[in-house]
Amino acid sequence: METEIVVLEKLKLKKPILIQGLPGVGNVGRVSAGYLVSELKMKKFAELYSPDFLPIVILNESLTHMLKCEIYYYKGKSNDLIVVTGDTQSVSPHGHYEFCSAVLDFAQKMDVESIITLGGFAEGKMVEKPKVIGAVNNKDLIKKYEKFDIDFKDHSVGTIIGASGLLVGLAEKNKIDGLCLMGQTMGYPMITDPKAADSVLHIVSKMLDIKIDLTRLDKIVEEMEEKLKKAEDLYSKMSEDARAKEDVRYIG
Amino acid sequence: METEIVVLEKLKLKKPILIQGLPGVGNVGRVSAGYLVSELKMKKFAELYSPDFLPIVILNESLTHMLKCEIYYYKGKSNDLIVVTGDTQSVSPHGHYEFCSAVLDFAQKMDVESIITLGGFAEGKMVEKPKVIGAVNNKDLIKKYEKFDIDFKDHSVGTIIGASGLLVGLAEKNKIDGLCLMGQTMGYPMITDPKAADSVLHIVSKMLDIKIDLTRLDKIVEEMEEKLKKAEDLYSKMSEDARAKEDVRYIG
Amino acid sequence: METEIVVLEKLKLKKPILIQGLPGVGNVGRVSAGYLVSELKMKKFAELYSPDFLPIVILNESLTHMLKCEIYYYKGKSNDLIVVTGDTQSVSPHGHYEFCSAVLDFAQKMDVESIITLGGFAEGKMVEKPKVIGAVNNKDLIKKYEKFDIDFKDHSVGTIIGASGLLVGLAEKNKIDGLCLMGQTMGYPMITDPKAADSVLHIVSKMLDIKIDLTRLDKIVEEMEEKLKKAEDLYSKMSEDARAKEDVRYIG
Amino acid sequence: METEIVVLEKLKLKKPILIQGLPGVGNVGRVSAGYLVSELKMKKFAELYSPDFLPIVILNESLTHMLKCEIYYYKGKSNDLIVVTGDTQSVSPHGHYEFCSAVLDFAQKMDVESIITLGGFAEGKMVEKPKVIGAVNNKDLIKKYEKFDIDFKDHSVGTIIGASGLLVGLAEKNKIDGLCLMGQTMGYPMITDPKAADSVLHIVSKMLDIKIDLTRLDKIVEEMEEKLKKAEDLYSKMSEDARAKEDVRYIG
């Protein structure tokens, strides 16, 4: 069994832009992509299955669902949109490469014009007004995109772990423009951050010149605010304790 | 070397139903399937070997036995039965997918009508009268099966780990009806729970309209009762101790 | 790159018996096989390489040596001998299956009559006069072999981990007789036990009716005796300490 | 997706010698190879990608870079040079074999005359004047190389872990001469040791009769000296503490 994309509907799309948002830091990618799919009433036309996902099924109303990613489309004005989102990322290093490789093959078959991946950027503390940090696979793209309030300055050096970075990296090998958008978030495990997703979606909306009604998400953000603050207090207390117990381990 | 099913006898079966029961939570799946094979005097006609099993052999009266799963058949009235049971599940995430994929391929070659997997549902405490929880890969099946005292209400949301869930999930992709039956059990490691298996088999017997003499199993249940109670006392004491020592780690 | 056997000299052997002895419990298999190769002045005719070995090379007099297994032959009276020995076993579960599968394919190409694997049996304490425990893949072999002082009684139930068990198990699938001989040893990590190897070789010598001069090995055994006793004292003290600190974890 | 070498420029080189220097102990291999590439103004003509690298991309000025190795050439007098260097080694045992196997295939296609791998030799303490320890895959090479101040005496027995050893080992299987040069270094994690790289490069320069200006590196060494000494003090204090807490675990 290999990573496989099952096409449910054969389509010819117009200069499509592929957007990928998967579970990860603050769940920013998945929430952003999911909101996009739901607000734009996008239609599913393909599914991705992989033996490198966890060997589990999800139960909902007693119905089993295999872990999978779902691929949606939207008919846009100048560009159609493809959104890849889903339950999970791969569980092995090798699996991440297989996954992104399969998505990229699919993107090439659909004649994708460019790829945008959505994710979170772990700040380790709460961020009042999350910025959106950008990374590109082609220097010229910085000029093209920086007018949309994407930050290419403050975090221009580092690493991106997982599928959002890797897909953009692999895209370069195939001469496809790639942009990774990362909304600043606390990055504590198990905390979904809709506020960072909101920031990301504001930019996606402007970039793609697509009207996305964000009021529903804004409301969720308001409700989450207090919960997130409590979480931060707890985590910062815990990490202070941890630091106190820890010996110095590394030398820079 | 790949996961492989060795066919010992070529058969044409009548609208067969495939039942899979493997080692897992409370050993419920394996005990149930094994009891079925023994009571119905089923005949082995295939074996499954996999390089994703543990690299060990089992010794019995100084005879080596490779880890394998065994596939049996039974000539029924309206439907023949196929039972897949065995020593082990895979030891890697990837291996689970390979395993279930091989079983499903085999099921399709045998023109299987539907698939039923048997397993345990870990409750974390002893259950006086274990219910049998169901999960299906097709909404219509709930109506079809709920008359058999299968619970589709109390645990309708969650995840199923391992081969019993995955086979039902993969079956959906191939348009084969799938039902997972999970007998409630403590779910402590290393404790076989024949009582949960007994509950599962009562339902299987009714569903398939096959007479299974459960007196032998009922007797084992009686004998185990006291042992299981002791185990529960010990485990609950141990987990209390563990909780006392543990810091708060997650925020819901 | 795959597990591969490189043949250095093409041979036609007379009803060959294949003996495999690899590193493992007490290093019994490797020491026994190595002594056999050296005493019988066997000639190497093939080498096995595998990407499932550790990614290291061994240095000896500044010469690099890849981890490999070596395959030797000996012209016997009624049966020729093949000995498979080497530096290592595989480092992954999957790798063990690939390894044994490759050895078995090779054995079949050489028209091997039967397979004997040599190893150690971990007793957890020092054994004054180590017995040799046997396991077979065919019931009839017990009668054939028990006259050679092989113990098929005291440890007839259990599991054998790694290549010595797995090769015998896989051989059965291919209708090749297989015998696993395990010399009783302490089984503490990192302790080579020539005494257990000595016991194994006495039996191999009788079984194959081949004269093997064991005086050199007997001498090593004598020299090791004191060292082994010290090791046992230390280990048993250490495990007492460990037991004292440990909570009860399992219920039988 | 498999380990793959993408050729950017097709070349015919004159009796090329391949030099590989990757991240590892003290980062000696990578620093040496990188300095060589930069001082000789070598030109990149191929890139190696592998699904066995970490699934991350590196950010630099907001540009994503996949983990890769880069392959450079230099037109020499009697021999051309090929240098393989890069961001990483593989993250799985199997991956190391795939990686070295791909490099060796490439070397054979380029008609490489011999292979030299550069790395560090962990001494566990600071070394005033680091020697360069050699290992070869062919006994005759010791005579050929020992005149260049390579030490084939003091560390002639042991193991080499990872790609520098493995490539030399695999080369022997294909009858290509291989030499591994290891500069003595502390070998503490996360400490780059330019001093060891300097020693290695002095020897490479003499061996290949190529003038390499080492003044820039010598300057870095001077600056690092104090930092390295502090690191050693800290580490030796830490390991004393660790030893004090540790029980005796192994018996030699």
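Read from first to last, the chains carry the letters A, B, C and D; within each, the first residue is number 1.
Here is the rule we go by: contacts are C-beta pairs under 8 Å (C-beta built on N, C-alpha and C of every residue); 3 or more make two chains touch, one makes a residue touch a chain.
Since the structure is predicted, the reported quantities are computational estimates derived from the model, not experimental observations.
Engineer: Which is it for copies chain A and chain B: same residues on both faces, with over half shared, or different residues?
Structural biologist: Looking at both copies, the contact residues mostly diverge.
Engineer: Let me have the rounded angstrom distance from the C-alpha centre of chain A over to the C-alpha centre of chain D, please.
Structural biologist: 37
Engineer: Using CA atom averages as chain centres, what separation in Å is found between chain A and chain C?
Structural biologist: Chain centroid spacing, chain A to chain C, equals 52 Å.
Engineer: So which stretches of chain D touch two or more other chains?
Structural biologist: In chain D, no residue touches two or more other chains.
Engineer: If each chain is a node and each touching pair an edge, is that a line, ring, star, complete or other?
Structural biologist: ring
Engineer: Which residues of chain C touch chain B once you look at their complex with the stated criterion?
Structural biologist: Residue positions touching the partner: 90, 93-94, 96-98, 101, 134-139, 142, 152, 155-163, 165-166, 168-170, 172-173, 178, 180, 247-248, 250-251.
Engineer: Enumerate the contact residues on chain C facing chain D in the complex.
Structural biologist: Going through chain C, the ones touching chain D are 1, 6, 49, 51-66, 91-92, 188-191, 231, 234, 238, 241.
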